[in-house]
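I am attaching a structure below and will ask some questions about it afterwards.
A, B, C and D label the chains in the order they appear, each numbered from 1.
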Amino acid sequence: MNGTIPLDALVKWLELFRTEVTEQRAYLTELDSAIGDADHGANMARGMAAVMDKLETSTPSTADELFKSVGMTLVTSVGGASGPLYGTFFLRMGMTAGAVAEFDGAALAAALRAGLDGIVARGKAEAGDKTMFDALAPALDAFDAALADGTPIAAAAEVAADAAEAGRDATEPLVARKGRASYLGERSAGHLDPGSASSALLMRTLADVLSEFVT
Amino acid sequence: MNGTIPLDALVKWLELFRTEVTEQRAYLTELDSAIGDADHGANMARGMAAVMDKLETSTPSTADELFKSVGMTLVTSVGGASGPLYGTFFLRMGMTAGAVAEFDGAALAAALRAGLDGIVARGKAEAGDKTMFDALAPALDAFDAALADGTPIAAAAEVAADAAEAGRDATEPLVARKGRASYLGERSAGHLDPGSASSALLMRTLADVLSEFVT
Amino acid sequence: MKKLINDPEAVLADALAGIAAAHSDLRVDFTNRIVYRAIPKADGKVALISGGGSGHEPLHGGFVGTGMLDAACAGEVFTSPTPDQMQEATKVADRGAGVLHIVKNYTGDVMNFEMAGELAASESGVEVATIVTNDDVAVQDSTWTAGRRGVGVTVLLEKIVGAAAEEGRDLKAVLALAEKINGSGRSMGMALTSCTVPAAGKPTFDLPDDMMEIGVGIHGEPGRHRVPLAGAREIAAQLVEPILADLDFTSGPSIVMLNGMGGSPLIELYLMYGEVAKLLEKAGVKVARTLVGNYITSLDMAGCSVTVLNADDEILKLWDAPVVTGGLRWGA
Amino acid sequence: MKKLINDPEAVLADALAGIAAAHSDLRVDFTNRIVYRAIPKADGKVALISGGGSGHEPLHGGFVGTGMLDAACAGEVFTSPTPDQMQEATKVADRGAGVLHIVKNYTGDVMNFEMAGELAASESGVEVATIVTNDDVAVQDSTWTAGRRGVGVTVLLEKIVGAAAEEGRDLKAVLALAEKINGSGRSMGMALTSCTVPAAGKPTFDLPDDMMEIGVGIHGEPGRHRVPLAGAREIAAQLVEPILADLDFTSGPSIVMLNGMGGSPLIELYLMYGEVAKLLEKAGVKVARTLVGNYITSLDMAGCSVTVLNADDEILKLWDAPVVTGGLRWGA
């Protein structure tokens, strides 16, 4: 057993992710301007602001309620491609989490994996399509492997965040095969995928929170 | 008697005026951009091109026919304010010229004066309204005075051209009271009037031609 | 200059070719640059002719058709057409009941139409009446100016008076109605950017990113004042206030047009209208009919204008009458 | 950024307020950002719902009305609306005969409408059919892309299928017609300039004065190729050729739309149509109906697109049927 994660830590994670996408808003939109339609920053900032507003009015006491509420709020406030995708990610996390007040590493890993499966179910992305999948998939693989080696959760999350950022950077040379960027064909190469950048922030903020909170 | 002007000289004048407004087209439009609608150069170039085309197909043998044809062509090819104004100017010149094959100074002065009266009849401009009148009126006054002093036609035309250019320059500080520029109110001050600039070219080209042609 | 054109000198001819290709119910005389209805109205009805410089589309060619104009003379960009064009249009469009010339008050337009009237009367003997629109409150109507510009009211007048002519009213009645409409409407415009005259090749004036022009006409000319860029709410106030200060619009229903200058997208025009509507309501103006869109434009200028017209039951009835043109269409 | 707006975050809400103020025959649900007909169609008729990101006006709110859409869901600028909006619109607009969702093929739009369909079916039990338009020949339809974008054909489809629904055809027949229309039309677009998303505050891409983008969509995204700026004749060829290469349009009559991207004035759009018409005639395409203007735009982008649709007597009859919307109106 390599540590437990209280519900507050998960809420703190969402808070931190909200802060990050808000501060990185212009950067995310810049990336989306090059190969998309210049709204990813606005979409993520709007969505996470709605999420935190929701949580202020009603903070769920179990992980499943928490993530379902986050997912539903994203689905109903973001729109575009990232709304259904991040929304489904959290909805699926909620469905697997169960009515628990705290996670252990395995439970968190399972929930994240379910979330990623939800993104794939919704968007049919495969490795190398130049999407958020290319940041999340290697991150969760690294997380699973680290936990399997008995690495403490916080450290495992660090490894996962590093993998997400590596995955994000690896999208640069790729020619997009999913989403708007695919309309550009060859012209999509040479730019980072905006969604992989926001996903890298998602994993990095998780690592930062866990390093602080996990007992 | 201070010289006579053959019909060829008058045709040459129009030719030269056409060359000038074509070369100065951008300049005239620049002036019209500041206090008008950026078309005076195009209008004058289009009009005088039409005039020369017309004269190539049929060169009148008398001054009245010549100027009536020039006036009619300007009226039907220019439009805007300058079309009716320059058109009327030449139409009236034609009406006063008579079926002569050559002008003496007095006849030319009378024709020009009739032309200016036509412009006033059409546009109701007064001195200081910041229009072509402010270049033409002083020019014709100077022309009459010089001829009265017995100055040879060519020299008198020089004096007239100088007066036209002085009149043009004097429009700069004026607040326009006629035409589009008047919509700008005080903002029209500080710019030369485009029509006074084209009128100054009209008088200068006359002087240049006469210095060459008059016997 | 970035435009969807070929030769800058050929813009008008090429655009007329497109209008002819697009509208089978119009007939274009390319030599005289006149747009006619393909099927003229019935004999004995007054014909309406307008015209002006190009660059204001859909005005005027886009308003030729049943219930509106009978012919429109197109001049070069921002340059009024010539008398021979108007005279030709007058002769051809006349159905024996006389012709109303609808002229926007600009020195060039007025003088060219004047000459056309002189020619038409002397040569073709067609009875011609003329209405000169001058609704732009940005300009003081004084001996110190060429008088107020004719802008947005021209569109509403062509629609309303066109319906009256279609009804069969005589020239005297048609002219009287036109004068009533012109006297009952006011407009005010603004620009966020200049426009580029094709033959000039560059913007008519430079406008810094943080400034806007208030009180512009429709020829890319600078306005009355250059002021700091403001939000839609503030812009609406700067357009509506001078209109309401110039004429009372609270006595009856009114027709309002929020017009785009050509380069501003519809989402912004609707947003502006929302602000204008609030101000009009606060001022007690009852808006009975509304137009939002590009109707009298200034090439690719970004900006808008507001036009308010005092209406009554008769005017509303004529407004609602069928119209079938490229720019305005309903009821048929 | 120079725009007629207040707060960039409030553009959509403010624009909806203007639409509501301008059109008494529309009803706007501000909470859910849905534009409805003020008077719903008769019970027993299929309802048509569309929606998408804002910034394409008049699409889609401007096409709500008799003979066309029953409701339109507005998303943020260039961001598809959310499933709850579509679900609400579906419940409200349903007249008991089912609802057709008209979706432009973009990953976001498709996924959000999918989720809406799932919700609607499970919760409200309304029968929902979906047509996904994908007519943009600039994009290869392959596993290497998200598929062709839905662009100009969406406008023609909403008009034609709207008329069929008004006739009382059932959902199966309405869907079949929608699929037929989508399969029979192709589009291609180009841009002279980028556009500026209000929330982004600056142009989405830089385009040098001597270059243009060919094969753009309607979201200010760069196109397939950046090529040297050319004249209207050459631009027309670059738009028309890929369309004609993709589908045969010589077998029957066709409907053609020359659409403006929002920042190009009407005089240029007519000029472009003149060039397009010449090319189509040379290619043996018989144009039976034409639209020239701003119908599916990309904010303030300067540029245009061409859409060609294979028609037949039935389609032309439905095209000519009465339509009363802000963006398209005739026959009533």
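One rule holds for everything that comes next: contacts are C-beta pairs under 8 Å (C-beta built on N, C-alpha and C of every residue); 3 or more make two chains touch, one makes a residue touch a chain.
Since the model is a prediction, treat every value here as computed from it, not as a measurement.
Any chain bridging chain A and chain D, meaning touching each of them, is missing here; the list is empty.
On a Cα centroid basis, the chain most remote from chain C in this structure is A. For the criterion of most C-beta pairs in contact, the winning chain pair is C-D. Averaged Cα coordinates give chain B a centre that lies 55 Å from the centre of chain D. Averaged C-alpha coordinates give centres for chain C and chain D that are 29 Å from one another. Note: centroid distance chain B to chain C, computed from Cα atoms, is 33 Å. Taken as a graph of touching chains, this assembly is arranged as a line, each chain contacting the next along an open chain of partners. The full set of touching chain pairs reads A-D, B-C, C-D. By the touch criterion stated above, chain C contacts chain D in their complex at residues 2-7, 11, 14-15, 17-23, 54-55, 57-58, 62, 192-193, 209, 212, 229, 231-233, 235, 258, 262-275, 277-278, 290, 292, 294, 297, 299-300, 302-304, 324, 326, 329-332. Those residues of chain B that touch chain C in the shared complex are 29, 33-39, 41-43, 46, 75-85, 122-123, 175, 177-180, 182-185, 187.
Contacts from chain C toward chain B in the complex involve residues 53, 75-84, 106-108, 111-112, 114-115, 138-140, 143-146, 149, 197, 199-200, 204-205, 217, 219-222, 224.
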